[in-house]
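The block underneath contains the structure these notes are about, expressed in structure tokens.
Naming follows writing order (A, B, C and D), and every chain is counted from residue 1.
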């Protein structure tokens, strides 16, 4: 019963197979080959406009280089206080953008509070060199805690960004999972609402290592080739990423895998909801389920083979947790089997 | 007739197959899984001592993070003037080491001149903050122009390093190619001569994307986990690198592939040497052949399907090139076929 | 009635006079002259041990280079949420330390809460590359809001630092002001309690531009000459800083000036306390007075020539401010005259 | 006989006196006071157009922040191989511009060779991420070896810059010394020839610490306030720089001091030229004299109280130096007395 993380899963067989298909023959290096260009075009199809696409090695790289592309001296990007870019990337976003800082904004259920966002940005008065200058806003979709921004939420945040003259970045490490829940197009969830730059993650959803930075307006990406190279993120055999994306984006595989993961999460949530000992911390909307259970229950589940992480969240204690309770995170993926859910469900019944 | 670069080749089938073998099942992320640890142990076997191994995305990343690991304020690393780390990495080595500079040292046939190295280092007087302080020496094996340092050469440079208190880094993008020519062990070519840190490249020799930074003394790598994460070079599904290395390092595959590439280069060199129009710029020792030919010959060869790069080298004109001649680079790889050599040989006969 | 900031004051005449005294004649550059060395020795006398002293251009530089001197990859320094180093230095501390981040810790009256400090540090588990690694703690003495850490407070924070293996930095932009209130020696307020590195400010207390970074253990400063030069903070005519410090530290001038500023603040506080309309936000302990007054009173005072800043402080509204009230900051300095206090006192009577 | 460096001199009495004049009273901090603005206007008068002026602490800071203001990812600035920015600033120009590299271009007598400049820039093909991208050109006036670019030389280099789309920076650490020799206006020596950014040095010519970065087009300086703050180069009591510049630029003091220094250098050169043992390495054009003399003569002069530096210059040996000879640098300043020249002249007669 593997619910530790979607990055504990391997790769979907179609992904690996396509690597095998492209392993032979020669192809020009550094992203200039035919398959690289074909995948670029595929992204433009999916996003229904000409986008600029840059493969990078990790989600952290995508997020960090997005920041580098919008970096200004003394710059500050605003993100949810629990955003990966703030809490979990080892300083990379600041380091790779040559000094950007990140200002947390609170908000319920993993979503930036709009009023809080506006007032936080307003704390940086134009021209005040001591505090620094706003450089961008970053949202995470699906959020770090498995919830979603509705399209209207994204549009509202984008409106604040436009008002303040700031680009809007979306960390889409679980982009496909959000997309299938909202049941909209990639264009709808991004530029149609005002998103400028997207970290498009494939790794957590069945690829080996396939992350892309997508610029909705290629004009904004003019320095990106140099930014990526300077960060040592330009693959020589770039086609090995391209081949993964080719398979991933063909015939709706990516959406299929995400839909599966989400369905598994929903099934898990149902079981937790029905359990006497456990309850949902909040309603999951993608492939992450957060549950509350007594510490001894968590321990017992682990003993019986369930693998998941305890989750620490500022303010959880005293607010949603009662004495002796734990907040835990259970993540499903393309590789989660209904059988695992059943076995886990039986344990917590 | 593909001689553009060894990174235009794809991946050896055993590499891709092994990815398939490891695609199923769950494994802990970020380099902590069993296969990650098994590959770590394999490196230690190969190097005949406990080494610390860090997978990264690109050769540029390996070189740059090696520099980051030895970085000091105002630091300067000494390398051959033609070294990749100086000329071809888009500023990454300085950027990712937070400000290191690189001082070129000349030397014949791609090898640092020892006297030049010593006198260049001596130009940085201890405590002179204006010039900065020496932080390391980096050599490339095989060199950028397909030649090799003999073991004694490496030992002599290492002796200078020890005298000056500087760590010695080896850029081994083509490590295996050098190893099979010198017919020695990995330990012999590195720490036994005094090499401290190695960029161990697998990508050019049949992997998809497999680069590792190897610290001969794990004590020197204590900050590396943080350095790697800060550079966004920590893979979540790290096993996809591990799986490549597992196959690469099993049953001598890596040496076999390098031996093939070198043999192809030797065959190519023989044909060039026998040609009336062309001649070798110097004797190749690994899998890169540099040839001199009239410009019209180069053009004709290209027209007939030979793919290779013209090479610009400071000082080549007037020294080794006569009027109208071009210096070209032909690179072989695990994927080069004897048939290609024959066809090329026939063209230049 | 000038209460805007202590950096709106000019320089004490003895400071400028001493510049005149040293203007003639030649002296070796870059901090190597006799007067530089004499001032170094004077610092060691004052701190009652051999300290290493580095002049820099600004308080921000002192704080930032202190961080650079203790920087580690992915490093995080802990400071009060309102600390200058976090809120008011335009990104310099992170930029000049090549990527350090700063984690705010709350605490009443401008002082870091010890339990909060310990638990915040504990949030960075050893070896967790995703969150980064603790690199230091920074306290401000006097604090940003004119209060002080008692010696025992400093010792208690230093004890946490030692337990966690972290160096303790003190931002002493108003060091002298704190010293005269606590009526202890410089050694008592620093290394005797466990402070490792001090930003020693002279500018706000009567110098033109005299800031020094003081390392209690010179061994910790070995990279500082290079760190300072790399940050373009090494003055050629270093004696112009030395000459200021020479006068500043002679015959207790520095303490005298600070005592005057503090006395003016105390007098101001007394007047505010006695006023019907205004009240003290908290008891001042150095040369900054924070007062609460109706907005119209603040406006009227300004109209009558009082110059001071409104202060925004997270959480002030609703907690210490009633409807329509403002929090204002009034700063005194060596140049504040009793007459100004009297005039202001009469206005608010 | 003090010829070590112009930064071994103190400050002209008018400079210090003006500090005394401005020491009293309050003035708003961080460059916003009336005297700051008056000096800004004075710069615009001198440059005969609206320029944007930024005071910084050191010449290294001015040069480095000029680079920061034009920095691009993977950027490379071209400067003379002996330029201070390349050889003598401890890595600050690269560090403070977040990763810029510097490519030396050779040229006789300290001046960049134009053909060499063009061909070096051409080595960075547009879009080649591996080599990086050109970001600017920097020239030094007066040069590091006391020679000058004629106005036509500057114009010719500026033409190359325009052709390549690169900004032109001038390191004017000895700007006034060059100006009085060329007998032209500040506008003539800068923007009228195509210079975009100037490091305007006052320190070496009689100030304590007065360096300014001057942007000929204020539009190019929009990020500079943040760049300067991020580098910890924003003085709180900015008027202490302003006061120096006020006196320096009043009544032609700056030109008078430079003219004196140059005259002293010319007198020194005359004596050297007439000497039997010594000879000029080249004709001085500003306030630095480079001479060649037997090692024993240099030693004897030192023993008799002459203070000067031996100069190491790549290629000097074997080219301009005969066996046993030394190249030495003698620098004059506003503080050099004719008497010192006479005494030195008598020694070498």
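By definition in this document, a residue touches a chain if its C-beta (ideal position, glycine included) is under 8 Å from a C-beta of that chain, and two chains touch if they have at least 3 such contacts.
What you see is a predicted model; the values in this text were computed from it and never measured.
Chain centres computed from CA atoms place D at the largest separation from chain A. For the two copies, chain B and chain C, the CA superposition rotation is 180 degrees, given to the nearest 5. Centres computed as Cα averages put chain A at a distance of 50 Å from chain D.
Centre-to-centre separation of chain C and chain D, using mean CA positions: 34 Å. Measuring from the averaged C-alpha position of chain A to that of chain C gives a distance of 41 Å.
Within chain C, contacts with two or more other chains are made by residues 30, 73-75, 89-91, 95, 98-99, 129-130, 132, 226, 229-230, 234.
Remark: chain B residues 73-76, 87-91, 94-95, 98-101, 123, 129-132, 312 touch chain D in the complex. Those residues of chain D whose C-beta lies close enough to touch chain C in the complex are 2, 4-5, 7-13, 15-17, 19-20, 22-30, 56-61, 64-65, 89-92, 95-96, 98, 203-204, 208-209, 226, 229-237, 239-240, 307, 335. Taken together, the chain A residues at the contact with chain D in this complex read 30, 68, 72-75, 98-99, 127, 129-130, 132-133, 223, 225-230, 234.
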